[in-house]
Amino acid sequence: MNNPALPTNALILNRIQETEDIFTLQLRLTDPRQHWRLEIQPGQFNMLYRFGVGEIPISFKAISQDEAGEPVLEHTIRSVGRVSRALADLKPGSHIGLRGPFGQGWPLRRAEHQDLCVVTGGLGCAPAVSIIEHAFANRDRYGHIHIIQGVKHSADLLWRSRYEFWAQQPDTTVMMAADVAAPGWPWYSGRVTELIKRLPLKPERTLVCCCGPEPMMQASAEQLIRQQVPPDAIWLSMERNMQCASGHCGHCQFGADFICRDGPVMPYPRLRDRLGLEGI
Amino acid sequence: MLTQEQHYMPRTGMVTLLTELQQRGYEVIGPGVQDGAIVFHPLTQVDSLPQGIEQTQQPGHYRLHQTESARYFSWANGPQALKPLTFAPRETLWRSEQNADGSLRFTETLADRSLTAVIGIRGCDLAALALQEQHFAEDPYYRQRRANLLLIAVDCSHPADTCFCASTGDGPGADRGYDIALTELDDGYLVRANSEPGKAVLAALPLEAASQKHLEQADDQHRHARQQQRQLPRFDPERLIHQGQSAVWEAVADRCLSCGNCTSVCPSCFCFSEQEVPELDGQTSSHQRQWDSCFSEGHSYIHGHRFRPDTRGRYRQWLTHKFGSWVEQYGRSGCTGCGRCISWCPVGIDPLEILEQLGQEGTDE
Amino acid sequence: MTSRRIRIDVPALTRVEGEGSLRLEVRDGQLIDLGLSIFEPPRYFEKFLEGRDASEVVDIVARICGICPVAYQISALNALESLAGEPLTDWARSMRRVFYCGEWLQSHALHIHLLALPDFLGFDDAVSMAARHPDAVKRGLRLQGLGNALIKLFGGRSVHPVGARLGGFHHAPSPDDVTAIVEKLKAAQPEARDLTHFCAGLSLPDDPQSFICVALHHPDGYAMESGDIRTSEGLTLKAHQFEQHFHEHHKPDSTALWSDLDGQPYLTGPLARLNLNHAQLPAFLQQRLNEIGLSLPSHNMFHSLLARAIEIEWVLHEAIERLSKYLLPPSAHTPLTLTEGVGYGMSEAPRGLLWHRYALGQDGLIKAARIVPPTSQNQARIEADLHRSLTAFGLDQDAEALRLRAEQVIRNYDPCISCATHFLTLEKHER
Amino acid sequence: MARPRIAVHKFSSCDGCQLAFLNLGEALLELSEQVEILHFLEAGMNDPATPVDIAFVEGSLSTPDELERIQQVRANSRYLVTLGACATSGGLQALRNLEGRHDEWRDAIYAQPEYIQTLKEVRPIASAVKVDLELWGCPVNSDQVLAAVRALLFGVSPVDDRDRVCLECKRQQAVCVMVTQGRPCMGPVTRTGCGALCPRFGRDCYGCFGPSETAQTDTLAQRFAGLGLVPDAIARRFLMINSQAPAFLQTGRVFFHTPAGDQDD
């Protein structure tokens, strides 16, 4: 039996510093027999392991190719604590452990030929980046792309250049909201839900991908439903402590679901009556 | 309840059973008295079975007494079930090693478990094993440990005051999931087998046909064992999770230590955390897992946030999961009525009381 | 000889347990000032023992010294158990002795290898010595580890073990664990023998001097966890008579008290024990003494090193003897009822006599405590020794050589300075 | 790569925590290959003022001199780790803070109290300088120390396990002494790290590793009362090795020197 607990070796080909504390690792799985792991979808995640330190769940970002046409796996990580900082210290040529893919990704099939509305909140939301990148990489399969990002304070916006870049793309709307905005903030100041109200949505043909703090996701979903988006077209990416990533360790329980296995991306109706319950 | 064919074995047959198991290459694990409790440990001679030992269990209270009885199994249970044998309290999952070029080599470290026979487990423990089986179905570490176990159950004849397995449908008799089961009587045992390995062991035992008198004694004993004082109260599993505003949680949080003993002794609780243990030379490292509890801070921690910072949230998580969401996850509640969480709670909290209070309340909405 | 004046300040002594400093001044070939001062801050143990339950004492006094916590526990238990009507079981008595053997083994092995040997082999510390003498250092670390394992068997850990209690132990080790450790102890015996020969092969300074020896003596065997005080002057004392002959004074330049026996400095520790009790050693050790040519009593303080090596061999033998006959007891302790009164107790810590006195109230709480550890007892002896040893060594030697010799002399006593503070409370009770 | 430089400093203590190094056995030699030990008096290295990467500090602050010396240690070290209860919470000797009778005690004890320079209160290291990592325990054990050194060698902060002893007690399959013997065990509020030694030896934990996360000390105190402990005995449970750790101090004070009966239970 294949042991989901056992990592495989990954070589860091390249390390890109995206912002002060966000970096992208470009990885090669050095064992070709492990290349099945590259069948990973946006919204799914891997466990990345720094030797002697520990493992953390990190969303899949993209698969690119090197000059030789070999697949390159990309993960974008924000260094916040023990393990993520230890990963941040690594240089190209170093090796890490990797296991995955785990979990359920965004409903890509279902999203095809629909408008995508990606609503994110908080300090940069990795699972959402993967779907946006995927949509731009397969631009003809999707209709209009709405990108909405909300932050508490305008200074919190990470990766501003990335949003600015997306904003320039055709058939794309990018909107930003900051609860508190510093002078010179070119976008909206207020709540994300206010921005959603202003969206020229075509509710019957929109698929929503939402990622961020739970209260924000809940408020956004309710607002979207008020705007006639069917609840089952709203998908949220959830986050909980994860140790095993294979539905055993119990840390990511959310009611009857294990976020690592039944999520992290889940349809709103599945979550609705549990979101917002304190301590769940 | 007793579906398999019944045989009778005199008490002295226990010696034969033990030798037979040893000769078949099993390491035998059985109950014994240690530090004032019934604890499972390697059993090399019948003498070290807890003969005549009975017990008193109450919330937060567990005491053994020596009696004149010749019985070996006249107690209900101790702090352990099968859990430590199939889901080790701490084990290494894999090791990693740095090659000369800096790449990492990973080696899985499955426990090399020899054939093991466990004597003296109860219906509630078997039911809990079945729950763990569902949960860990895909877990190679669990599978490896489970594969080599031969289970010899003993119907419970002396339930404790904390037991309520009759009301969860998991005891006091052993109905399923065993290889061999015994009913202990005053002078011997009724014996039945439920698997090929079990039958093979039975063939070597000094068995007689069970007499009508023995069968009646067993029935009486069983009926008596079913008269348990505690019962699972009525409550709605689906509603539990929505009773977050209940004052019940506040009240229990005032008494609860958040110590997690209830989850550790619970035979179905499965939470674990993982940790990395590097060698001093920095060349090799072990990745381990160990029992964790939803009563610990780390359980609900993500960077910068704890979903359950206080005891109130943690107690609620435990109870609503065990008796509520478990039903949706695994088709039944996670409780098999063994009562361990009641006895081994150092402050004697009785979850049944909490459930009863909740059962009488409405939901938040 | 030309007149010169040197002043050596060794502000921090290395390779002693705890911290102290040495000051000496030589002028015109005369030692005009010599002071060993202890700047270990007082921790007032005897004061906060007051008001504690008798059962808590054993966990508190262990914290006086991390090097010999077992000694503190045993002396305290001896004192308090003297107030009980019920005797301890033979099992408990015997195992207390084995427990103590563990501490002698770890402390002596640590002292010889990590603290003393670098002096004799010309290194600053054991780590640098290990590069040249890896086998000797590893042997020492193994013996030390074995001592720790023996303490752990009864106490769970070797520093501040948790197993000892009034009436015996909290827990009896399993026969399997005992068998396992006996094997290891046996395997270590040849190593210990080699160690003795190794130490005997060192060129130890030959520098006899006269001093009084003080140690416990027990008619049934080499004294360790019990016995009466014996001195080389022929005095025999019970624990409660200690204060009639041993007195302490406060030296202003230090936080320690100096102890004397009827006005005389005296020696306590391995050499004192060996000098007084060597006749009780088993035959194989008598033979060992012959082999290495150590005739006792010895008045060469440097023979302390040999005494430790011999005692290492002895504790291995003693522990093996007792553990080979090990049986699991029905209970690891006897419930005791302590009566109000004053209890006295003592034992031989690795570095010497350790004396305790407790006044217990009716309520089972401690009313007063007094503890006299070995280091304070040796203090006056160390200064006397330094005076003569340095003079004999030659005060015309250069400062560095003098410093090294002074440190070497001090280390013979294995002073454990962290415990040297606790007898400070004494004067309060005296006046 | 240059070996990291370490120092081990001693303040008011029993020397027991340093033994976590000296009792390492052969691992001590391995350690000395991984790091360069520059100052460690008991092991023979004497260079207190040299700059180091990691300084381990044993012992609490109890003299004016120590207050000065710790500043020097801090200034000379990149990373400062407290080693054990004394350094982390003041340790057993901080019991003297409770009575507030330092001067009285000192004057009673010494013939020349003017020579005795001690602070009125025993203080943990963190009260004087910034501490980067606290290792709890009286004493700390070798595993803890090695794990910390190893993590620092990897350039990461060590895991701070704040779980309670009870969790480890059950992992070790020890039998609960509170439930089977009615002993007042501190395990439910004490930080893990020792491997649940005391319960494994059939006795109650006395809290030598200090408070765990969310230590429900008041709840436990009530439980102790239920087991028959008088208030002062409850206080003594909390006011022992780590009496100055806020969680223990707060609950201990409630019961400290309270005659039986004054405390409602």
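Letters A, B, C and D name the chains as they come in the text, with residue numbers starting at 1 for each one.
Note that in this section contacts are C-beta pairs under 8 Å (C-beta built on N, C-alpha and C of every residue); 3 or more make two chains touch, one makes a residue touch a chain.
Everything quoted here is computed from the prediction, not taken from an experiment.
Novice: If I average the CA coordinates per chain, which chain comes out farthest from chain A?
Specialist: C
Novice: So the centre of each chain is just the mean of its C-alpha atoms; given that, what is the distance between chain B and chain D in Å?
Specialist: Between these chains, centre-to-centre, one finds 37 Å.
Novice: Distance from the CA centroid of chain A to that of chain B, rounded to the nearest Å?
Specialist: Distance between chain centres, rounded to whole Å: 40 Å.
Novice: Could you state the distance in Å from the CA-based centre of chain B to that of chain C?
Specialist: Computed from C-alpha means, the inter-chain centre distance equals 50 Å.
Novice: When the centre of a chain is set as the mean of its C-alpha atoms, what distance in Å lies between chain A and chain C?
Specialist: 65
Novice: At least two partner chains per residue is the criterion; list those residues in chain A.
Specialist: In chain A, residues 52-54 touch at least two other chains, as defined above.
Novice: Enumerate the residues of chain D that touch no fewer than two other chains.
Specialist: Only 150, 154, 159, 202 qualify.
Novice: Specify, in ascending order, the residues of chain B that touch 2 or more different other chains.
Specialist: 275, 278, 282, 292, 298
Novice: Using the contact rule from the top, write out all pairs of chains that touch.
Specialist: Taking the chains two at a time, the touching pairs are A-B, A-D, B-D, C-D.
Novice: For the complex, give me every residue of chain B touching chain D.
Specialist: Residues in contact with chain D: 34-37, 39, 60-63, 79-80, 84, 89-90, 254-261, 264-265, 275, 277-282, 290-293, 296-298, 309-311, 343-347.
Novice: Which residues of chain A touch chain D once you look at their complex with the stated criterion?
Specialist: Checking each residue of chain A against chain D gives 52-54, 82-83, 85-86, 89.
Novice: Hey, which residues of chain C end up touching chain D in the complex?
Specialist: Residues 12-19, 39-45, 47-48, 52-53, 56, 59-60, 63-67, 69, 106, 110, 114-115, 118, 124-127, 130, 134, 137-138, 141-142, 144-145, 148, 155-160, 162-163, 165, 170-171, 249-250, 252-253, 255, 332, 416, 418-419, 424-425, 427-428 of chain C touch chain D in their complex.
Novice: Going by the contact rule at the top, pick out the chain D residues touching chain B in the complex.
Specialist: Touch residues, chain D against chain B: 27, 30-31, 34, 146-147, 149-150, 153-154, 159, 162-164, 166-167, 170-181, 185, 187-189, 202, 213-214, 216, 219-220, 223.
Novice: Could you list, by residue number, the parts of chain D that touch chain A in their complex?
Specialist: That would be residues 150-151, 154-157, 159 of chain D.
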